[in-house]
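What follows is a set of notes on a single structure, which appears directly below.
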C-alpha cells in the first residue's frame, strides 16, 4: 500500500476517533442541554465523516474498486443531524429545560 | 410430487389475499367468496384424507430441496385426520358467521382464512421451525379474531391470551435453538435420527430443550397450570371464533403427538418418552380443574370453555400413557369433543342472543323465542360433551377408559374421569334447567330471530355427534390405523430418502 | 467471549422476565421486547460465535452458520409484528378500561353490547 | 330382525308422534300405540322358544374395538319385562290421552314417552352389556325430561335434576362396573358374561366390579340410601309416575340384578350388600309411606319399600327367593301402576293430592274407588290378589335366611314389620281417601267419575291383579317360569303357584301383619304425633343446597385460581419452564464444553457491558416510561451491533430497521398511555419476581455457555454449497430466506400482513382521549409540523427510496433484501407522516395499504406457484443470466419476485399499522373514510 | 501496520465516546439530554461499524452503517416530537 | 422539455442518477440504464411531495455553497473541540436572527448550515418564518453572529432562491 495513503488513512481515523470522543466529552461535561447540543451536531458528525472517508480510502487502496457508497453515509448524516438538533432544541425549549446561568438571551416559547 | 398437499394451505392463503383486497366490496360478494374458499378447503382436505387412507407417508418438498435441507410437508393419517376435522368445523363456524357476526369489521373473513392456513400448515409441516411459523400464523390470526366484534369485554382476556402466547413463542424459539444447537437440523425426521446419537452433556441440553418445548405445547393445549388464559378468552370471543378456537387447543395436542412420538419416541434412547411421566398426572389435574371450573361456571360460554379444558385433560391422559389403543381412543375422542364443543359455543351464543340482558348467564330470564330448538341442541350437545350415552362423547370416553391397562394409572384415570363426569352431569343439567326452564314472565322487546345460517351451522355441528356414533366403527378403524402408523416411526423416517423432482431414477 | 455473550443473554432474559411480571401493559411490552432480544441473540448464537465469517460467498474464507441467521431474521420480523399487535392491544385495553392495569382486577360486569346481542342472534 | 325392531320402533315413533299432534290427542295416542302393537306382534312368535328356556339372539357389528355391538337377546326374563313395558305402556298411552289437557304439549309428551319406552326395551333386550348401559343412561335422560315435563314448576325441575344426578351418577358407576366385567371376561356379550360367572366371582376385582354394578342398580331402583330421589320424581305427570316409577324404570335396577344374577350372585359380598340394602329400603320406605299426606308420595314410598323387598329377595341368594322376586316384580307393577292411575284420576278430578283434603270420595266416584281399593288390597297383601302370593313367598323365604351370629330372627321380623306398615298405609290409602268424612276445600268440587276410557287402563290392571291372584298358575305360570329360568340361568326349583299353601308360618306372619297394620292405622294419630316430633327433611332442598354449595365452592375455587391476573398466569408459565428445564440442567456437571472460551475482545466486552447496564436500567427505571424506551433503544442498538460483530450483516440491518420502526410505534402508543407506571406490587412480590428473573436469566446464561462451547455440525454446509449453483445467489442467508426455506418467509410475511390487518380492525372503532399535555404539566405545543423537519424530509424521500432499491436489488448476493428494503421505504414514508401529517401525506400516496399488503402476498405466492407449471413443487426457484446490449450480463431470478412480494408486504403492513395508530389522534383529519360498515 | 495501530486507537476512542454518551443517557437530567445521547450513540454506532469493516477488511457491513445514517434520526425525531407535541403522527 | 420526457424535477433526477452511480460497484452499462430508470421513476413517485416547485433559480451555485459549508464544518468542529476541551466555561447565548429568506426550503438549508457550522445551532424558526432562534456556544456579541451568517450564507442562498 502506498505509504502516503497509509498515513492519510491513519490520520483520518485518528481524527475521526478524536472528534467522536470530543463530541462525547462535550455531551458529558458541558453545563446545559443547549451547550451539549453542539458536541454531537458538529464534532461527532465530522468524526464519523472522517472515519468514513478513511474507509473509502482504505478499500480503494486495497484495489477493491472505488467504494464511494460510504460517502452517502456522510451525506445523510449532514442532512439529518441539523434536523435532529432542531427538533431536540424545540423539545427542550418546550419543556423548559434549565439553561446555565451564564446564558444570555432566552429561549422562546411559541 | 403431489401438489394436493399444498392445497389446504394455498387455498386459504389465496382466499385470504382476495379478502384483503376486497375490504370494501359488497358484503354479499365477500361472503360468497369466503365461504367458497372454505368449501374448497374442505374439498382439498377430503382429497388428502382419501390419499392418506392407504397408510403411506407422502412428502412434499418446498422449493424441491431434499429434506432435511428444505421445508417439507408430510401427509399421514394423523395429518389428514386433523385437517379434515378442522375443515369441517371451520365450514360450519364460517357459515354461522354469515348470520351477522362477520360484520363489525371488514377483516373477519381474511383473518378467518389465514387462521385456517396456519392450522393446516401446523398439521402438515415436517419441520420444527416451520411449525413455529405455523403457530405464529395461526396465533396472530387468532388474536385478530379474538378481538373481533367490538365491545370492551374481550380486551383483557385477549391481552392475556396474546401476552402468554408471546412468552410461549419466546420459549419455543429457545427450545428450537437448544435442539438445533446440538443436532444441527430442523427437519423432524432428521431430528428423530440425530436425537438418537446425542451423548454427554449435550443430552441434557436436548432434554431441557425438549421439555421446554413440551411446556410450549402444553400452553397451547391449555394444560394445568397453563390453562387459565383460556376460559375467559373463549367465553368472550364471538361465537364463530370461539367455535373455531375449539380446535386451537388440539393443535397443542397434535404437536405433542407429532413431536414427542416421532422425535422423542421409543427409539430415542436416553431421551425416549421425554416428559410423558409429567404429562399423565398433569392431564388428570387438568381434567379435574376443568370439571370444577365447569361446575362453577356462571354462564354457558364459560361452562363450554371449561369443557375445552376437560377435553384436553381427557385427551392427554391416554396420550401420555402411549398405548396404541390409548392413542386411537384419544383421536376418536378428539374428533367428538372438538365438534361438540364448537357446536355448544354456537348454541350458547344463540341462547345469549335471545335472553336480553341476561345473555348466557345461568340465571332466570324471560323465555326465549326459539326455546325448543335451542334447548334440544343444547341438550344433545351437553349429553355428547358430558360423555353420556348414546352420543359420541360416550364412545370416546369408553374407548379411553378401556385403553388403560389395569393398574394405578387405571384407578386414577377412571376415578377422575368418572367422578368428573358426574360433576359435568350436575353442571349441565343445572345450567340447562335454569337457562331454558326457569323463566320469568315478560318478553324481550323485539326478540331477535334465528337466521338460516346460524341455525344450520349450530344444528349441523351438534348433529355431527350423531354422525360420529353412527360411523363409530369406521372412524375407530381409522384411528386405530393412525395410532399404529404414529408408533411406527421408522416409516416416517423414509421421507428423508424420498427423491425430489428430477432426481427420481 | 462466550461467557460475556452468555451473560448478555442471561441479563436480557432476566430483565425481560422481571418486567413481564409487572402489573401494567407497558412494562409487559418492554419486557417482551427485552426477552425477544435475548431470544434472538440466543437463537443466533446456536450457530456459534464467529468473527468476520459472514455467510456471503466470496467475502470470507470460512463462513458462519447461515441457517440460524435466517431463522433469527424470521423471528425478528414475526417479533416485530407481534410487538406491534400487542402494543395496539394495550391501547385498546386503555381505551376500554381506562387504565393499563392487567393484574387481576375483576373485569367489568359482562353486559353484552347491543351489537353483540344482534350478532349473536342474527 | 324383530328384536332390534322392537327396540327401535318406539324411537321412530317418537319422531313420528309429534307429527300427529295437529290431529289432537286421540290421533297422537293412536299413533303412539302403533310401535307397541307391532312390537307385541313381533315378540309373539318367539314364545315357543322362550317358554322352554331358550333364547333368541340378533347381533350386528357396531364398534368391535370397543366390544360394543348391536346385540339383542330375548329370553324369559327379557320377555317378561318387555311385556310389562309394552302392555303397561299401552295402558299409559290411553290413560294419558285423557289425563293431559289439550293445551299441553302433547306431542312432546308422547315423543318423550316413546323414547323412554324404547330405551327401556333396549335395556331389557340388550345382549351386550355396553349396549345395555347406553339404554340405561338413556332412560335416565328421558326420565329427566319426563319428570320435568312441567318445567315451569320449580319442584319439577329440581326433582328431575335430582333424579338425573342420582340415576345418571349411578349409571357412571355401572359403566365402570361393566367395563371391569368386560375386562375380566374379555367380552361384553351377555352370553359370555353369564357363562363366566365363576371366572368373575373368583377375580380379584370382583368386589369392585360388584360394588359398582350394584351402585348402578341401587340408584336406579331407589334403594337406601339413594331412595330419596324417587318421591321427588312424583312431580312428573301421573302417567309418567305410573309408568316409570312403578312399572318400568325403577325396575331397571331390579332387572339388572336379575340379569346378572348368574354372573354376580351367590357370594357373601352379594348376599350382604344386596340383602341388607334391600332390608333397609323395605323398612324405611314402608315406614315413611305411612306418614305421607300426598297421595303420590305415599305410593312413591311404598314403591321404594316394595323395591327393597324385591332387592332383599334377590339378595337372599336362594333360587326360590329369586323366583319370588321375579314374581313380585310382576305383581307390584300391576297393582302399583293401577294405584298411580287411580291417584292421577283423583288428582285430576279434585285438583289436589293432599289426603287431608281428600275425603269420602266413595260417594262421588264409586267406580274408581272400587278399582283403587282392589289394587290397594293387593298392595297390602290381601289373599286372592296377586300381591298376597308373592308376599307369602317372601315371608317364606325370609324364614329360610340363616344369618350368622344368631340374627336369624331379623329377616322375618323385618318382613313382618314391613308387612304391618304396608297394611297400614294401604288402609290409609283406602280409608283416608274414599271414606273418613267429607272433602275439605277441594279445588274442584264436586268431584265426579273421570271419562270412561280413562278408567279402562285401571280396570285392566286390576283385572290382572285378580286373575293372577286367583289363578296364578294359569295366568302367569308359564311366563313366570320362563322368566325365572332365564334369571337363574338354568333349572328352576320347585315352586307351587297356589292361592294357599295351608296354615304355616308365613301365613301367620301375614295375619300378624294384617292385625298389626289395621291396629296401627286405627291408632294412626299417635304415630303421626310421634312422627311429627322429627323434623322432616326435604331431600330436594338438601340436594339443591348441596348442589348450590358445590357450585359456589367450585366457583370460588376457580375464581381464586383463575383470578384474571395476567401476572399470575405469566408467573405460572415462567415457573413451569424453569421447573422442567432445571431438572435436566441440574445434572450437567460442567457448563464450559470441549471448545473452551475464546479470548475477550475489549470493545465488544464494553458494548456488552453497555447493553447489560441499559437492560438493567430499563428494568429498574421502567416506571419512567419514556426513559425506559430510550434505554431500550440502546439495548436494541447494541444487539444490532452484536449481529454485525459476529458475522451477521443481514441481521444487523434487519434489527436496525425494525428498531427504528418499533421506536416510532412505541412513541405513538405512549402518547395515549400514562407516562408513569405507579408502584403497585408489594415488596414480597417484587422479591419473588426478582428471584424468578434471576433464575431464568441464570439458566439461560448457563445454557448459552454450555452450547457455545460445544463442538457442532449442522446441515448448513449444504446451504453454503448449493446457494450459488442451486439458488443463484451468494448471500446464503438471503437464499435460505427466499429459496431453501422460502416457505417460512411466506409464513412470516403472512404474519406481518395479518398483524397489520388485525391492528387496523382493532383500532377502527377505538376512541382514545390523549392527555392534554405531558406528565410534567406542559401542554402540548401547537406546532404540529416543524418547518425544518418538513423541508428536509422531502428530499430524504427520493434518496431513501433509491437506497431501498439498492438494498433490495443486492439482497440476493450481498447483505440486504426485500425485508430491509421494505422497512427503509416504510421509514422514508413514515418521516413524511411525522413531518407533514396524515392528511398531507395520505393525499400523496395514492394506494390503499390493504392492497399493497394483498399485492405483496400475491406476488410471493404467485412467484412460488410459478413452478407448478413446470411440474416442480411450490417455491422452486429458477434463475438465469441474460446478456443485453449496453446493459451487459445480469441475473434474473424468480426468487426476486418472491422478494418483491416480501418488500411490498412489509411496506403495506408497517404503514397500515402505524397509520392506524396515527389515525387515533384527535388532530388527525383522516377519520377512516369509507369505514361505516 | 500504522493503520492497525490507528485503528485500535480509534476504536478505543469511539468506544470511550460511546461510554460517555451512555453516561449522559443514564444521567439525564432531562429527557432531551437522553435523546440527544441516544442520537449520538447511533452516530457512534456508525463509526464502530465502519471501523469493524476496516478491521475485518470487508465492506459487508457498510450498508448497516448506511441504514443508521438514513433511518437513525427518525427515532430521535419521533422522540423529540413526542416530548413536545405528544402525537407523533397526526 | 425535460418535464415532458419524464423528468419533472431535473435536478433531482440528476442527483439520483449520480447517487446511483455511487452506490453501484463502478459505472457500467447496467448501472447507467438502472440509474436512468430510477432517475425517471422515483421523481415521478415522489413528485406529489413537492406541492410548490422549489424556486431553484441558480442551482449551479449550490456546489460552491456546499464547499464553503464543508470547509466551515471542519473549522467549526475544531473550534467546538477547543471549547469543549478548554477549562473555561462557555458563554452561551440565544440570538434572534432576522430572516430575509422567504422560501421555506431556503430557510431550512440556512438553518441546517447554521447548525453544522461554528458554535451555533438553529433552535427554532418563528411561526411567521421571519425569525430564526440560534443558540451559540460561545459568542461575544449577537450582531457579530448575525452579520457573519448573513454575509457568509444567507446572501448566497438568496441569490440561488430569488
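A few remarks follow.
As written, the chains take the letters A, B, C, D, E and F, and residue 1 is the first residue of each chain.
The working rule: contacts are C-beta pairs under 8 Å (C-beta built on N, C-alpha and C of every residue); 3 or more make two chains touch, one makes a residue touch a chain.
Chain labels with UniProt names: A = Multicomponent K+:H+ antiporter subunit G; B = Multicomponent K+:H+ antiporter subunit D; C = Multicomponent K+:H+ antiporter subunit C; D = Multicomponent K+:H+ antiporter subunit A; E = Multicomponent K+:H+ antiporter subunit F; F = Multicomponent K+:H+ antiporter subunit E.
Keep in mind the model is a prediction, meaning the values are calculated, not measured.
The minimal number of chain-to-chain contact steps leading from chain C to chain D is 1.
Taking C-E and A-E together, the chain pair joined by more C-beta contacts is A-E.
Separating the CA-averaged centres of chain E and chain F is a span of 23 Å. Centroids built from CA atoms put chain E at 48 Å from chain B.
Averaged C-alpha coordinates put the centre of chain A at 16 Å from the centre of chain F.
Inter-chain spacing, taken between the CA centroids of chain D and chain E, is 61 Å.
In chain D, the residues that reach two or more other chains under the touch definition are 564, 566, 568, 570, 574, 629, 645, 649, 670, 700, 703, 707, 712, 714-716, 719, 740-741, 744, 748, 751, 754-755, 758, 762, 774, 781, 783, 786, 788-789, 792, 795-796, 799, 803, 814-815, 917. Taken residue by residue, chain C touches two or more other chains at 20, 25, 28, 40, 42, 46, 51-52, 54, 56, 60, 67, 71, 74, 78, 81-82, 85, 89-90, 92, 102, 107, whereas all remaining positions touch fewer.
Among all residues of chain E, those that touch two or more other chains are 11-12, 18-19, 31, 35, 57, 60-61, 66, 70, 72, 77, 81, 83-84.
In this structure, the chains touch in the following pairs: A-D, A-E, A-F, B-C, B-D, C-D, C-E, D-E, D-F. Note for the complex: chain D touches chain B at residues 61-68, 108, 130, 133-138, 141, 144, 148, 151-152, 154, 157, 160-161, 164-165, 168-169, 171-173, 175-176, 179, 182-183, 205, 547, 550-559, 561-562, 564, 566, 568-570, 572-574, 576-577, 580-581, 583-585, 587-590, 593, 700, 703, 706-707, 710, 712-716, 718-719, 722, 726, 739-744, 746-748, 750-751, 753-755, 757-758, 760-762, 764-765, 848, 850-851, 853-854, 857-858, 861, 865, 867-868, 871-877, 930, 933. Touching chain D in their complex are the following residues of chain C: 1-15, 17-30, 33-34, 37-38, 40-42, 44-58, 60, 63-67, 69-74, 76-78, 80-85, 87-92, 94-95, 99-107. Listed in rising order, the residues of chain D touching chain F in the complex are 783, 786-788, 790-792, 794-795, 797-799, 801-803, 805-806, 832, 843-844, 886-888, 890. By the touch criterion stated above, chain E contacts chain C in their complex at residues 56-58, 60-61.
Interface residues of chain E facing chain D in the complex, by the touch rule stated above, are 11-12, 15, 18-19, 22, 25-26, 28, 31, 34-35, 38, 41-42, 45, 48-49, 52, 60-61, 63-64, 66-68, 70-72, 74-75, 77-79, 81-90.
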